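Chain lettering (A, B, C and D) follows the sequence in which the chains are written, and residue indices restart at 1 in each chain.
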């Protein structure tokens, strides 16, 4: 993935963060979406270790030793931040108060199944907060390269890895496309500049619904 | 990115409530009861309401205004002994009253706010309260399945709020307020003071803003908020 | 009940409040126990509307409009008081952190069954917090006149009113006696000065175990 | 009546823990981890422990000291990815590890602290996590019965305490600390500062004193409490 393709993907995902939302950004690509969110957009960032109102990451010498996000980064408060315990933090997630989460993925299926926490025999650290974020955020976006490092599709007809949650994903943002999980199946919704529909189909392991009208680009 | 602003007028906030709604009301006795929000609900006159509140206040205040005005179909509560009007209406079949032990009422609301479906308890086992309720066995012990209690709206009274809806309560005015704020689809809070964003220490927030939808600033407090002369 | 008999009963109950305890006192007679607790005894008083560390009742003109106890009295804080929500308050009760509660009674049975919240057709205001206090405090004491105003026993072989909780009472304090609920049955443990064992037996509607040795008086 | 004083020496507090105990440890990463209490537990050497903690800290700190010292039989946790030593011991069968989703772990502890037997949730339905767990149906929807998770002891790290054990936590050092303090038979808290009774505003207490049994004052903080240099 070129850095410009990555930036386009992040920027496209950022555009779905709307005024007034409470949003949780997963570790890795999702957190990098932040640099594309307008500075004046009123949004509350949630971190599952107990923050509503996550502010910018600080250098170690400026860090508060007691203030990290769920990924371990030393973050800062903003005016209006609150701190709370882990039960209350997941109460926000499960009770429908988390408007959007953006997550990474090992695999995502055409029906919205997500696998992003375990590779049996290789990577079994435990799920942390991933399961509840995926199952309970009002809207779940996945940000991922369209294919893995070997060029194999990460969007599949069915996940092969243990699932994080079933049919939880609403939208997939990749370096090649935006795909929506719909009642009819996985739908190609937008396409990256310079990428053809055939390129996307070839790089996708799930059946894709291709609309008749021309696709918007990003 | 600034935190969202949820300030509303009281008319606008209460106008969101349709007839037939279920509404949680904070408060244990006078402290924490959102009298101004209730007063506006009386003025707007929505009917067929299901109210969820620890108690029915006393005759002539709060919940009693809604009862007197004929807006209440059902009351879910733990104790109505201080409101003889509520007791009479219950006995006359003019309102339906469902009782729960106080801590069970609180926990049913708490687990709704936690986004889970119910909890298992031995409270009330072997008494009529357990009748008709689903039972499960955990580690060889029988328990009652108590279901999560959600509502369409929660009306809260806070001591302070910021525009994002971070709430602080004063002393025993906290009671059911933060629990109900978590358990409703839409949460409306009246606050004695609205402080600027950053005016509340993040460690001292009693109910975090993500649970709150509308913040209403109170004018000078009505007498009903004061010490009750007996 | 004479005022001296009442004072003796309250004083006797007060003597079972020990240093370090967290205690909840019901409305009425139980709250009046307080005047017999030594001023320097380290104890935490709990009120189920959200206080640990209930201080003295205040006159209206000194009252904080936001600080009442569960009975509606305007109380005060002490150094070390904390306030909390109703779910946490009953978490204290149910999780075993409430060492002792003293409650009133309409009826109490020899096996420790308690009825103190409902008289069908007459008094049906709802149970409030009574059920959980009775069922879950580590130790439950009942303070009651030995007989009702008509002279009928309040201690019965079985309660006739709807129960607050089954077999929850550990000790009964009356103007005539102290009785303990034991595995063998209800045991007369102490007797008020000037009262005979036969008086107690006559005023009690449950079978009483009478120890062989002389009874302590209070 | 003054509030009871629960101040103890660290040796005395930790000496209450017998071999084979279940112990909850506060903390999410470094913040809120009771490193000094853990260090004393290593010094005293109690074995066969079941630990309950969100994570296993990182290699060379906190939980890892107990793992290295062979004191741990079982770990109940949500994520151990930052401690390769814990992963290796798990894979080698040297410790048993039981995983729960983070919010389910938190809620199992919360409901234990609330004195109820379990709760019902749809989290994990249709995944291997649901296998072997009791199911119930509420309002036509299937849910999993998750059981309350209690422990013999909880070791907490607080920013401030008074002698009665009213605790305040700083920022994200709160995490599992107040929940665990409610769910253990005996709760031991280390505090960076012990303030006199009355030194904490009653509205701002994060964990009320009735849940806390022993309060240990910390000396100057060890380096491990500081910002982690990566």
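Keep this in mind: a residue touches a chain if its C-beta (ideal position, glycine included) is under 8 Å from a C-beta of that chain, and two chains touch if they have at least 3 such contacts.
Values in this document were obtained by computation on a predicted structure and should not be read as measured data.
Visitor: Listed by label, which chains are in contact with chain A and with chain B?
Guide: A chain counts here if it touches both chain A and chain B, which gives D.
Visitor: Return the chain pair with more inter-chain C-beta contacts, choosing between C-D and A-D.
Guide: A-D
Visitor: Specify the chain most distant from chain C by Cα centroid.
Guide: A
Visitor: Nearest whole angstrom, what separates the Cα centre of chain A from the Cα centre of chain C?
Guide: Computed from C-alpha means, the inter-chain centre distance equals 56 Å.
Visitor: What is the distance, in whole Å, between the centres of chain B and chain D, each centre taken as the mean of its C-alpha atoms?
Guide: Between these chains, centre-to-centre, one finds 32 Å.
Visitor: Can you give the whole-Å distance between the Cα centres of chain C and chain D?
Guide: Using C-alpha averages as centres, the distance is 35 Å.
Visitor: Just give me the whole-number Å value for how far the CA centre of chain A lies from that of chain D.
Guide: Once rounded, the distance between the two centres reads 30 Å.
Visitor: Can you list the residues of chain C that touch 2 or more other chains?
Guide: Counting only residues that touch two or more other chains, chain C contributes 77, 83-84, 87, 90, 93-94, 136.
Visitor: In chain B, what residues contact two or more other chains?
Guide: Within chain B, residues 107, 110, 114, 116, 121-123, 169-171, 174, 202-203, 206 contact more than one other chain.
Visitor: Quick check of your reading of the touch definition: is the inter-chain graph here a line, ring, star, complete or other?
Guide: Shape of the chain contacts: other, as it matches none of the listed patterns.
Visitor: Dump the list of chain pairs that touch, please.
Guide: Every touching chain pair, ordered by label, is A-B, A-D, B-C, B-D, C-D.
Visitor: In the complex of these two chains, what residues of chain C are touching chain B?
Guide: On the chain C side, the touching residues are 47-51, 60, 63-70, 72, 74, 77, 83-87, 89-90, 93-94, 124-132, 135-136, 162-166.
Visitor: Spell out the part of chain D that touches chain A in their complex, as residue ranges.
Guide: 28-32, 54, 77-82, 87, 90, 97, 99, 101-107, 109-110, 121-129, 159, 169-179, 206, 225-229
Visitor: Going by the contact rule at the top, pick out the chain A residues touching chain B in the complex.
Guide: That would be residues 19-20, 22, 37-46, 52-53, 77-84, 87-88, 90-98, 136 of chain A.
Visitor: Across the complex, what residues on chain B touch chain D?
Guide: The touching residues are 107, 110-111, 114, 116-123, 134, 136, 138-139, 141, 143, 145, 147, 168-171, 174, 201-204, 206.
Visitor: Along chain B, where are the residues that touch chain A in the complex?
Guide: 1-5, 112-116, 162-164, 166, 182-183, 185, 196-198, 200, 202-203, 205, 208-211
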